[in-house]
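In what comes next, chain A is part of two complexes: it sits with chain B in the first one and with chain C in the second one.
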Partner chain A sequence: MSGEVIVFLLLSSTAILGGILMLNLKKVIHMLLAVVLTFLSLAGLYVMLSAEFVAAVQILIYSGAVTIVMIFGIMLTKHQAKEEKNKNPLRTTLVGLGIVVFFVTIYLAIRNLYFGQEATALHVNNTEQIGIKIFSYYVIPFELVSIVLLVALMGAVVLAKGEEGDEK
Partner chain B sequence: MESLNIYQNSYLFVIVFLFVALMLPIVALSVGRLLRPNQPTEQKMLTYESGMEPFQDARVQFHVRYYLFALLFVIFDVETVFLYPWAVAYEKLGVFALIEMLIFIVMLFLGLVYAWKKKVLKWR
Partner chain C sequence: MDLKTLLSFEWGMMAPEFTILIVAVILSLIDLFGKDSIKKYIPSFAVAGIGLALIFLLFQYGHEEVSILYDTYIFDSFAFSFKFILLIGTLLIFFMVLSKQKDEEITDRGEYVYLLLSALLGTMMMASSGDLITLFVGLELLSLSSYIMVAMRKRNKRANEGAMKYIINGGIATAFTLFGMSYIYGISGTTKLVDISREMSSALGTTEPIATVGFIILFVGLAFKISSVPFHMWTPDVYEGAATPVSAFLSVVSKAAGFVIIIRLFVTIFNTGVEGNETLYSSMIGFVAILAILSMLIGNIIALRQRNMKRLIAYSSIGHAGYILIPIVSLSAMTLENVWFYLLAYSFMTIGAFMVIYILEQSEKSEDISIFTGLFQRSPVLAISMTIFLLSLAGIPGTAGFIGKFNIFVGAISADPAQYILVGVMAVATVISYLYYFNILIQMFIRQPEFEGRRTVNKMQAVPLIACITGTIVLGIFPFIALNFFS
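Let's look at the complex of A and B:
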């Protein structure tokens, strides 16, 4: 087994572990730390794919900013409320069936997936390559991103303002 | 292939740093636990609040205004991320990229002006 495989197995199992922990832990802060663990191991996977810039962005945006927003989002809700255990056997069976169907579908879909020739020079000046691609081939999507961000900003302002109006 | 190997091997240092960063608090805290005397009383276990008696849980519901500040931060964080590849590749892109980036920034600046006009940035 080469070192690459070992690192890949470690990182992917940490990512899955973080996801499972997030679903099963009880306290909000612990859940968030589990999500951060998943994000960090995904950043490691990006590094393995020679996508250094994406890995840095993953740490910068997801592990930092998104977690802050998530913590606020959860702190704003009533999270102290005790969850009563609701074990419906029919529901459990249906969920299990859904998971199996999903697995089979995805497995059949990606089994013969072919991405074309493997890119071999991605690690050379990674950020510069991304910059050239974005600003000469994908200009319209890039400008659309600014519109999407603007919409998110305005939506948040409208929402928060509406909330305050109710208090007065 | 040669340069790919160099790229991957250079990340071994990152792994070493990660390992040191993980082990430092673990070792420091567990050795400290072994060395220090441990006689907790109820007074000692209280949260330190500058002499005030602490009450309530720390994790209460926040006001929605905090959320807005966090969201503003994330949006401008994303904007900054797009600035990096632009700045790195600027020499090869020229004036057209400058105009693209100006449109992008003005678009988000409009959002900031909107938030400003709606008095979101004011703390009351």
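Let's look at the complex of A and C:
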């Protein structure tokens, strides 16, 4: 087993662990930390794929900004931690079965996958290449993304602002 | 790339999109800084903008194919004809919005208008793009705008519930779509549809299982937008909760956009086999056929039990999504034409039905089916227009819905191999749908009115009604106008 495989296994299992913890923890802040664990391990996986820029963005945006926004959201809204024991054994079994079937399907699909030659020049100027791609090839979707952000911003304002009657 | 190559592209072809974008931005600025006396006219400005975009689009009729920036924007006859439906549909919905001068439920009318415009922009980009990235960004622009529009009725409990369901379901569907796209990108190494289809047409070898999985996951994710099985459960709750024009938008424009992206992706990517070699699409047709059958049956059977009018239309729209999937299963030269015609007919009749419900809902403050009781005595005009729309939805000869269904029927039988099972299920589903459509007719013409007083239709309300009635009847009697326009 090469070092690469070991690192991959470590990172991917921590990513999955973070996801499972997030679903099972009770306190919201703990959940957030679990999500951060997932995000950081994903960033590690990106480094392994020679995508350093994506890894840096992942840490900056997801582990940093998104988490902070979520913390704000939690702190600024009324939040009562309610423990609901609503476990339906039938549903759990069905979901579990579905996951197993999905896993087996995907595993069988990718078992014999052969991609041919591995790329060797992935790490050469990759940030520069991303920049060139975005600003020459993908200008239209890039500009469209800015409208998506504008819409999201407007939506946040519309949904969060109190109605005129509320202030009085 | 220098400025010269950038300017060498035919940017003028994007005029409809630019118009919508500029109008949306200007309207949001007016809403921010403008005086109240100008703000009143924001919806009218939007109508003018869409009209202008429609004119620009019509000037492009018959234009040769154009590709801008490596296919991230393409113009072809497919893009032209489907953008036509999207613009017409949104225009009719704006007439609906205009018909109500004061809106108590949605106080932020300005936001509502430019969110509709931005959603329209997303759908138009989906119609004319040959690249996975642009398609996905357009899809997300549409989704985000729709989530917000549904959630804007803040005081309404049902709207909150609907919006929550919508965003969670939508998030899951987006994850599915993206996951499927990532598999397809993984095996082809490109996001450009033409290149992907070239990769897919050569022997897939060991990557074939992955391509199959990607196909299924992608289709399941996109089923959300057309509200067909397995992502149909949000439809009734969201339609019921959202303001009626928004429901009409989701049911017509958003659904049309869903079909646009499905046709673009699946027909271009997967349907390009080498001669004699079975394509991935033809081997997966059974899967799509099952989804179509389930949508037709589930939508129409559950609609039988609905008393809330918007829920009823929601279930019937699930059924209609099933009908429109039939031509996609029975691929032939007629497929695009049939889907296009059905979507056009569907826009007129569904927006018309929503418009009648909208008028009655405002005067009776209820969405129950009882608002239709004795409508013929209270308002013959509304009763007759609703009759036309219902007959068309049911597919009675003389209306656009009949021609649409008939074309799909003939297309499925003459396809190779003929899809007899699908045609049979479609016939059964149509008969089931008669039960609930005709139940509304009984309420209107036979039952005694439960509400007092006559209802009149004012001028602004008449505009969308007349437009929809004209569309439904003209397409029903002279379908060749539209079919010639398409080809």
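Keep this in mind: the second predicted complex is superposed on the first by the 137 of 168 C-alpha atoms of A that agree within 3 Å, B and C clash if a C-alpha of one lies under 4 Å from a C-alpha of the other, contacts with A are read in each partner's own complex, and residues count from 1 in each chain.
Please note the rule applied: a contact is a pair of C-beta atoms (placed from the backbone, for glycine too) under 8 Å apart; a residue touches a chain by one contact, two chains touch by 3 or more.
Worth saying up front: this structure is predicted, and the values here are computed from it rather than measured.
A.B. asks: Applying the document's definition of touch, where does A:I110 land relative to chain B and chain C: first, second, both, or neither?
C.D. replies: A:I110: touches chain C, not chain B.
A.B. asks: With both complexes superposed on chain A, which partner does A:T92 reach: first (chain B), second (chain C), both or neither?
C.D. replies: After superposition on chain A, A:T92 lies in contact with neither partner.
A.B. asks: By the touch definition at the top of the document, which applies to A:S13: first (chain B), second (chain C), both, or neither?
C.D. replies: A:S13: touches no partner chain.
A.B. asks: Once the shared chain is lined up, is A:A152 touching chain B (first), chain C (second), both, or neither of them?
C.D. replies: After superposition on chain A, A:A152 lies in contact with both partners, chain B and chain C.
A.B. asks: Quick one: classify A:N24 as touching chain B (first), chain C (second), both or neither.
C.D. replies: In the superposition, A:N24 touches no partner, neither chain B nor chain C.
A.B. asks: Which of the two partners, first being chain B and second being chain C, lies in contact with A:V139: first, second, both, or neither?
C.D. replies: Both partners, chain B and chain C.
A.B. asks: Name the chain, either chain B or chain C, that contacts more residues of chain A.
C.D. replies: B
A.B. asks: From the superposed pair, tell me which chain A residues show up as contacts to chain B and also as contacts to chain C.
C.D. replies: Residues 136, 139, 145, 147, 150, 152, 154, 159, 163-164 of chain A touch both chain B and chain C.
A.B. asks: Please give the residue numbers of chain C that touch chain A in the complex, ascending.
C.D. replies: Going by the criterion above, the answer is residues 1, 21, 28, 68-70, 72-73, 107-108, 111, 114-115, 118, 121-122, 125, 131, 133-134, 137-138, 140-141, 144-145, 147-148, 151-152, 154-155, 205-207, 209-210, 212-213.
A.B. asks: Taking the complex as given, what residues does chain B use to touch chain A?
C.D. replies: Its residues touching chain A are 1, 3-4, 7-8, 11, 14, 57, 59-62, 64-68, 70-75, 77-79, 81-82, 84-90, 92-93, 96-97, 100-101, 103-104, 107-108, 110-112, 114-115, 118, 120.
A.B. asks: Under the touch definition given earlier, write down the residues of chain A that touch chain C in their complex.
C.D. replies: 105-106, 108-110, 112-114, 136-141, 144-145, 147-148, 150-152, 154-155, 158-159, 163-164
A.B. asks: For chain A, which residues count as touching chain B in their complex?
C.D. replies: Contact set of chain A toward chain B: 4, 28-29, 47-48, 50, 53, 57, 60-61, 64-66, 68-69, 72-73, 75-80, 120, 123-125, 127-132, 134-136, 139, 142-143, 145-147, 149-150, 152-154, 156-157, 159-161, 163-164.
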